[in-house]
Every structure is written in C-alpha cells, then in structure tokens.
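Two complexes, one shared chain (chain A), two partners (chain B, chain C).
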Partner chain A sequence: MNRAAHIAILVLFLAFFLAPFLVHPGLVFIAGFAMIQIVFALSWNLLFSYAGLASFGHAAFFGVGAYVAAAALRDGLPLNFVLVLVICAALGAFAAFLVAIVVLRRASGIQFAVLTLALSQLVVILIGYSEFFGHDEGISAIPRPVMNFWLFSVDLRQPLVNYYFVFTVCVLAIGLMWLLVNGHLGRAMRAVRIDPERAAFVGIDVWRVRVLAFTISGAFAATAGALLAPWGQIVTPDYVNWLHSAQPMFASLLGGAGFFWGPVVGVIGLSALNYLTRTFAGLSEVLIGGSLIIVVLLAPQGILGMLRHLAGRTGAEKPGGHK
Partner chain B sequence: MTSLYLYAIFNGVVLGMAIFLVAAGLTLAFGIMKIFNFAHGAFFMIGAYVAHAITGQEASSLPLFLGAALVAAMVVGSVGVLADLAIFRRLAGVPAEYTLMAAFGIMLLCTGVTRIAFGQSVHAIYPPAALSGMFFVGFPITAYGLFIIGCGVAVFLLLEIGLNRLWFGKLVLAVARDPWMANVSGLRVQRLKLISVAISFALAGVAGGLLVANQSLSLDLGHSYLLLAFCAVIVGGLGSIRGAFIAAIIFGLAESLNSVLLPTMPGIGVYALLIALVLIRPQGLYPELSQ
Partner chain C sequence: MILDAQGIEMSYGALKVLHGVSLRVAEGETFAIIGPNGAGKTTLFKVLTGERMPSAGTIKYRGEDVTRMPAYKRARLGFGRTFQVARVFSELDLKTNVVISIESRLRYSGRSPGPWWRWTPSQEVRAEAEEILSRFGFPQHRWGDEAQYLSHGDRKRLEFCVALATNPNILMLDEPTAGMSPSDRREMTKLLSLLKADTGITIIMTEHDMDIIFELADRLMVLNYGEVIAAGDPEAVRDDPTVRKVYLGQGHQHA
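Let's look at the complex of A and B:
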C-alpha cells in the first residue's frame, strides 16, 4: 500500500511535469490552475487536519497574495517576481497572524467559522471600494514578468517557461508543507487538535501553536494567490469571496481530509468534474454537490480513505492514524 | 434631514424583518439538528422560484400571492423532509464539519437543479396591486414594507408562543435540549425532529415566497440573505428565536443607516458590527441552554 502510494505520487508528479507535451494548451492551463488550487487546498488542510481549525474565510489570504502580486505586475514594480512572491507570502502570514490573535482569543467552533467568514467578506467589500484594486471588476490583463537573475533570465511570457515556473513554486511549497507537518511543529499541531488539554499538560503552548499554524497556512494561501496573477492574468473579487473559501474544503474532503495528499486528489477530481461538465450549465454544480453528499455519507474519509479501506480488505492489517 | 433618518430607520426595520424571516428557520434548524444549514439559502431561493412559477411576474391578487407562498412552504418543507431522511439523520454522530460539508453539497445541488430547471435569467418581480401602494407620513412608506413587517412580527409571535407556551413546542424544546432524556421519558424523538425540521424548511419556503417581490429573482438571491441571516443567528445566540429577531433588526438598521451615514462605503456596517459583537459576546445575545 505504501509502495502503491509512492508510485501514485510519482505518476502524478510526472503527469504534471510532462503535461505541456502530452495535452493541448487548454488542458495545460487547467493543470496550472489545478496546481495553484492544490497549494491553496493543502494550506487549508494544514489548518484543518493538523491544527483542528476549520477556517471559512481562507480565500481572504489567497486574495491578499493575488491582489498584491497583480498590482505589482500591473504597475511594473522593478522587483524580481520571486521577491514579489516572498513579499506576498509575508503579507499573507501577517494578515493571518492578525486574524488569529484577534479571533482565537475569543471564539471557537462555529463562532470561529463565522468570524473568519465575516472577515473575509469584509475584505471583499473593502476591495470593492478600492480604486487601486479595480473595484468589483478586479485587475485584468496582468502582464507576465521577466525575471533577471545574475547569470540568466526567466521569461514568463513564454507559456512553457510560465508553466514550469508555477510547477516549480508549487512543488517547493508542497515539499515545505510536507516537511512541516512531519516535523516537530506538525506533531505539536496534531497533539493540539486531538486533545488541547493534554497537549498543554505535556508542555505545548496551545495558543501559540494554533496562531503559528494559522500564520503559516495564511502564508501558503497567499503564495498560491500570488501565482494566480501571472498564470490566470486576471484577479477578481470572486477569488476572495466565501464560495472560493469553500473550494479547499471540498477538495480536502473529497480527497480525504485525514491524509496529507487528500487535497491533491480532491482538486484533481474537482477539476476533472468541472472540465467534463463545462458545456452544460448547472450540471457541474449538481455533480459536485451530489458527489460531496455521497462522499460525506458513504466515505467520510474521502477517496483516499476508501482506497485504503479497499486495500486493507485484501492486504494485511494497516496501522491507523495519519499517513 | 430627520425625515431622511426616519426613512432609513423604516427601511432598516423592513430589511431586519426580511432577514428574520430567513433567520427564523435557520436558527430553528440549528436548535434542533445542531447543524449550521448552509443549504437554507438555496431552499429560500427554491421557495422564491416556486412562488414565481405560480404567480408570474405580478400576482393578480393578495390571496394568490399568499397562496403561492404557502405552496412554496409546502414544496420546500417536503424537500427538507427528504433531505433530513436521506442525509442529515445519518450524520447525527459525526463531527460538525462533515455535516456542514453535506449542507454545502445540498446547496450546490439545489442551485444546480434550479439552474437547469429555471434557467440563468434574472426576473423582476412586483408585489400584487393590493400591496403596491405608498403613504406619506413625512417620508414615504410602502405598503409592501408594512406587509413584510407584519409578516415578520407574525412569524416571530407564532414561533415564540408556539415554542414556549404550547404543548407541542415544549416537546420540541425538550428534544432540542436533551434528545437522550426526551427519548427515555417516552417522546418520539425522531418524529418530533422530523416535524420541526419540516417546519424549519417550510419557513425558508415562506420567506422565499413573501420576499420575492421587489427583488430581482436570480440564482444569487439565496446568498445575499443567507449571509445576513447567518450574522443574525450567530449574534442572537445559536438556536434562539428571540435573539435572532433582535439581532436581525440590529443588522437591518445597521445596513440601512450605513447607506445614509456612510454612502461611500456600502455594506461595511454589518460586518464591522458582526465582528465587534461576536468578540464582545461570543455566546450571543440570548445563549441557548443546550449549547
């Protein structure tokens, strides 16, 4: 099973790596978009599955990254785009930190969910006022940057280079998150989720771990948003509102929220559903809504949980817990 | 200047009653099922579409308008019963997040089905002739606004008296507060739950049928009211009818006065108020005992 999982990850990696040579440009665009969504969904799942906090306004942090990067590119700031990415991540982390210290002090459970939702809607409204961020229309026709390094330059105006830039950043972000959840902090986060009281007993500062998890998650969400600006070339308030906040939840749940790779499977599944039903208005909502209900009812552990269950039936006994 | 403020206050109360009509079913569903029903907005929208399908663009008479709202209530109520039997009942023991996802799934499903059944176009709907009048008492008052206030107060009184004074309401409260104990003392918990869920969904249908006039009927109709109703339910204290009523009026006034006092920043008052209120009083205005 473990071997099968490794092979599956490798196949997935190769599929995304070779996508520009295998499929037509329309699908390549969707693949790039899916990679961005994967980073976004993983950042949410980091918070949900590992720290036990269900944020309903995660798109706000995605929006911070997307809008700052879009404005920087539109105004032609003389900065290397890699630097812009870092700045976006830092701003996302800062915004998430502010939200966390205000919200986590007072609220938990449903209050936490609704406060994060309200704060993200506030961001949508503030963007609507802002001339600089293009009101409700958003920022469109964002130019793609050319990055000059000392020895060579990377020209994102070439589609292939652009794809591999998004690919590289996403793989780096996914790798970082993987290291994070399998390290000391990840274990502390899981301890806090499973039993905050006991975690406090063994010397974990519960509040600090939660704030830290929220901050890190915000940074990754903002990075994903910042990648959207050069890839999609348009950023609108739709990427900030609560329906976009729901996307990572769908993906995580569909793929299996208890698994690190769950959101990856979920995003690919959702993208495929959206792509296959793109010509028939309404059908994609029916299918996505229906599959969500079916997953919640029949396979609460998501697709990966179902696969493990099937594998466990035929193979040997598998140890429980996150893997 | 005073008349402007009075006009804004009147509009705020009308909006508050409209929010309450949506929030009433939501808070009832929360009190009984212990879930935050994201699908409520979608059911509200279905109610509006059903009423529109019956009356057309303008209801020819007041009884037809009310009748259409009643039919919408019955349709949505029976859809709610189906949803409870097929989905929510099976999710009784699982963590709240999964139920939320299921509700989200139902919302998407309903939106998709409505899109397929009724199309994407936006319809303009007008209240029936009996309600389209206007009065001047220093500022203009619409008959439809008065009608909405009347409906809101009527639903509030019905629920408040029904839940706290009538035998059936007390049974429902007993089931909501402690299902296990209610079961031990011989109540039919599942049946009572089902009835109250049906009432909660029927309320969404009524709200859809009543509020559809003076709106542009579109697939986004549910979302705009749903978020405001969420705010009212949270601030009111989850599951409390009285709290939802007061909070709905507060938010209606906030939204309406916002457009007079801060015309350059529409829509900000509600969310700022929500954040402040939840931080000051996270348990809500009237915290329910069962929490």
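Let's look at the complex of A and C:
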C-alpha cells in the first residue's frame, strides 16, 4: 500500500473520530449509521473477495445481531451490553456456520446465491410471525443501555458517549478483519478463491476454509447488527430483507471489491448520495442506480480501482503494483 | 512400492476412457506415462491425484488404500502435483504463492504457521519461500511480481515451486514442458534431473517430448485408448513393435 492510501485512511479515521465536533447531530447520526454499514459491508466482502463466496442473504446474520440485541435491551436483560455484543457475534457465527454446512455441502455459484437468499427470506417470514420480535413492525423505542465496569460506567444515553462506543467497536471490528485477511488464514482464503483445485493440491481443505470464512463473516455481520439496536433504536424486518442484503454488494461494487478498503469507500459514497438527495423523494434510488451503472461501465474495479489506475498512469505506482 | 494402482477403470458417462490400468511405482523412481492424445493419460493422472474418483480399481500409497481419498488429504500424505496448463495463484505475487503452500504444510503437519494476527508470514516461512524461489531461478527482484504476468515457462516453474513447497514424497507432473520454448524445456529438464539426484524424490510424469522421457524416466508405460500396451524400461519400450506402430511412428529416430 502506498503513502497516499495511508494518508487517506488516517483522514477518514480522523473525520469519523471528530465528526461530533465538526458537523450537526443529524450528520453525526448518519456517520454512526455509516460505520455500522461499513462493518456489515466489510463482513460481506471478507466472504466475497477473500473466500470467493457471494452471499445474497447476508442481512439475515445482521438481523440475528440486531434482533437479539434489541430484544435484550427492550426486556432490560441484566447483562453488560459488551457481553450482549459478544453473544450476538457468537449467535451470528453459529447461524452462519449452520447455513454454511448446509449450503456449502454441494452448492456453489448460482445455487449458493439462491440458497442464501432463500434462507434469509425465510428469516424475514419467521420474524413476521413472531410476537416476540414484533411481527412486521419490529422492535422500536429501544432503550440505550448503561454499562457498568469496575471503575467506571459508560452511559449510552449520552449522545457523545453513544457515538464513541459505536466508533470504538467498529474500529476494533475493522481492525480484526484487516488482521484476519492479511494473516495466514486470509492467504489460505484467497488461495481458495483464486483456484480451489490448486489450493487443494497444496493440502488446503477448501470446504473447511469456506465454512470458517462464512462463520467469521456471520459473526461480524451480527456485531454490526447488534450495534444498530442502541444506535438507531429501531429494528425492523427491513434490515433482514434482501434489499439490505444488497447494500454491502452495492458498497463493495462502488468502492472496489478487490480492495479491503473498497466497501468503506462505497458505504461513504452511498451515504453521501443518500444524504444529498434526502429532500427529493425517489431521487436517491435513481442516483444510486445511475452511479452504480457508471461505475460498472467505466470503473469495473470500483472507485479505488480507478484511483489506482490513475495513480499508475502518473507514475506514482511501482510497476507490478505490489505492496 | 510408493504407489500401487490396480485395475483402474474410469468412465465419463457412457465413454469409458480407462480399461483396467495397473501400475506400480517404486520409491525414488521416475515413472513416465506416455501415449497419443486422448489415450487417457490426463484422466489417469486425475484418478491418481484424487481429482477424480475411479469407477473401479484400487490405489495404494505406501500400502494405504487411498482410492477414495480426496485430493487435499492426498496432498497431506505427500502427493504434489502440477497441471498441464500451469495453475498458480495468479493475482498474488511469487513469494505469496510459495508462502501459501508452506503455511498449508505447517498447518496440516500440526505446526503453527504463526499467530492469526500476524499480517506478514513468519521469518522461517519467508526464508524458506525465498530459498525455494532462488533455487528454481527466481532472483530477489522478481519475488514481488504478480504471478499472472509471468511468461508460460516461468509460470510452470513457479507452479513447480508451489508443489515442492509442501515437501512431497511423490511428485506428479502432467506434461511439465508442454508449450515451452526449447530453452525453457532444457532448463526444466535440467531442473528435474537435479531434483532427482538431490532428493531422490519419486516422480510420475506424462510427457510428449520423447527426448525428455528418455533422459529422465527410469521406467515408462504406454497408454493407448485407455489400455496399457507396453511397460518397462525406456529402451525396451522404444523397441517394442506395437509401440512403434501406435505411438512413436515410423519416422521417429532417437540417438
């Protein structure tokens, strides 16, 4: 990675870190929401770009986290919210593991896509029937928790504290994912995506690597979902629906799926589009659709791919393009 | 016997491509499988490496039945292989290609390739990858190149490095010099004979280039329409009248 990328990451980090002091509360809310979407999009891209699996029902795992956390907060479960987050991640991992061992047994490619989509829509229907999860209305007016630690307590009812809680958890999740995909496990995952047969012939158990990737991805998606409960204070089946499953795909496509930071750029771009068109009903969909078409046609590698290409042309990139 | 395959049959739907092929390969031997196009060489290869399961027959590796064992488990037992059209991890650089192979070996042999949070390969893994790449003619300034930009011959050599990085006991090479330039061919042949001399590794190979076969192979087997029509040491096979007729052709002259 070159210096410009490092600087860009630092600038982004600072922008989110200082957001509450720079912009009005409406934008701070959007920033928090964007961070949650970033973790969600990265969890999807971890599966797509590193293990070569396109999940079309990823919102189901997001939903597991969102609903479990929402129900726990609504019912005032006497658990520290950090523990709730860990439980949500574990449940997301478990759900993803179950889906993976069923779906990955045989299916690949399009069957895999359809099966993941069908399973996630099944979750939406089940929620619709569930009294506990509030049917189609979802869970609203979710109270924000106060977390007591030994020496201090963290009160998420204070907006600033709430923001920095979301910020901290998201930065930790992003950092963890970065370490995972750049470590030996990430290398094995990439080997499996690029050529599963070649990977098998160096002794890599392709099925196991894919199940593991799916499980990890589910855990992070659920963590993102769990953060939504105290942040947005409302969880509805819309967050589990296929349209929400498509969000990380749009973000990865827009930002550049081949890059770890691609979905981050994509989410920020999509959030900006949404924000700038908020007063024109229906315009945001048209603009988002339009910009995706433009990106796919003009920059199939996404925004980051285009930037790298431009940098290469001006000679900023070393030949070979390696880190 | 490191590898003992008996009565291998294989069909693709109604098309039977292998009619009871048997072969036995001793430790340290270089065994070549030759035959005209469509004779079933590559299919036999796929069955021996675990890419395909045979319809009938048994395959034993050092006495252990591996007929139904999937490829990755065979790789863990000590099978290494290369493909007719070289397959490497094309989007990754040369070093990472070899590192993946080494880390896989460490993982399945019960050693850790390092903690999961380390974003660079461990010192030992890197050193080993660098040693393998240098040994097979990739100088340091090329280690960072992406594999997809390699020439055909270099790709084959890199694949060879990837296969050897798992420390195989038996190396399965599917046409190791196919599509190479004459100089690349000579280099690969030299490399293989050096490897044979250095490590005493068992090699099973298919090849079209007879000169390479006669230079490297200790024994060979001729396949035609999925049947073994001759087997033995190279000189005997070369003088076999049936072989001359179906495969080597009238015009083949060999010094």
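The rule we apply is simple: the second predicted complex is superposed on the first by the 314 of 323 C-alpha atoms of A that agree within 3 Å, B and C clash if a C-alpha of one lies under 4 Å from a C-alpha of the other, contacts with A are read in each partner's own complex, and residues count from 1 in each chain.
In this section, a contact is a pair of C-beta atoms (placed from the backbone, for glycine too) under 8 Å apart; a residue touches a chain by one contact, two chains touch by 3 or more.
As the structure is a prediction and not an experimental result, all values here were calculated from the model.
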Which superposed partner A:H184 touches (first chain B, second chain C, both, neither): second
First, second, both or neither for A:I194, with chain B first and chain C second: second
Contact breadth on chain A, by residue count: chain C or chain B: B
Contacts of A:I110 with chain B and chain C, given as first, second, both or neither: first
First (chain B), second (chain C), both or neither touched by A:V296: first
Contacts of A:Y129 with chain B and chain C, given as first, second, both or neither: first
First (chain B), second (chain C), both or neither touched by A:E137: neither
Which of chain B and chain C A:D155 touches, first, second, both or neither: neither
Contacts of A:L253 with chain B and chain C, given as first, second, both or neither: first
Shared chain A surface residues [contacts with chain B and with chain C]: none
Complex contacts: residues of chain A adjacent to chain C: 178-180, 182-185, 187-188, 190-191, 194-195, 197-206, 320-322
Sites on chain B touched by chain A in the complex: 36, 87, 90-91, 94, 96-102, 104-116, 120, 227, 230-231, 234, 238, 264-268, 271-272, 274-275, 278-279, 282
Residues of chain C touching chain A in the complex: 49, 51, 70-72, 75-76, 79-81, 83, 87-93, 96, 99-101, 103-105, 107-108, 113-121, 144-146, 149, 162-163, 165-166
Of chain A, residues touching chain B in the complex: 48, 54, 102, 106-107, 109-111, 113-115, 117-119, 121-122, 125-126, 128-129, 242, 246, 249-250, 253, 281-293, 296-297, 300
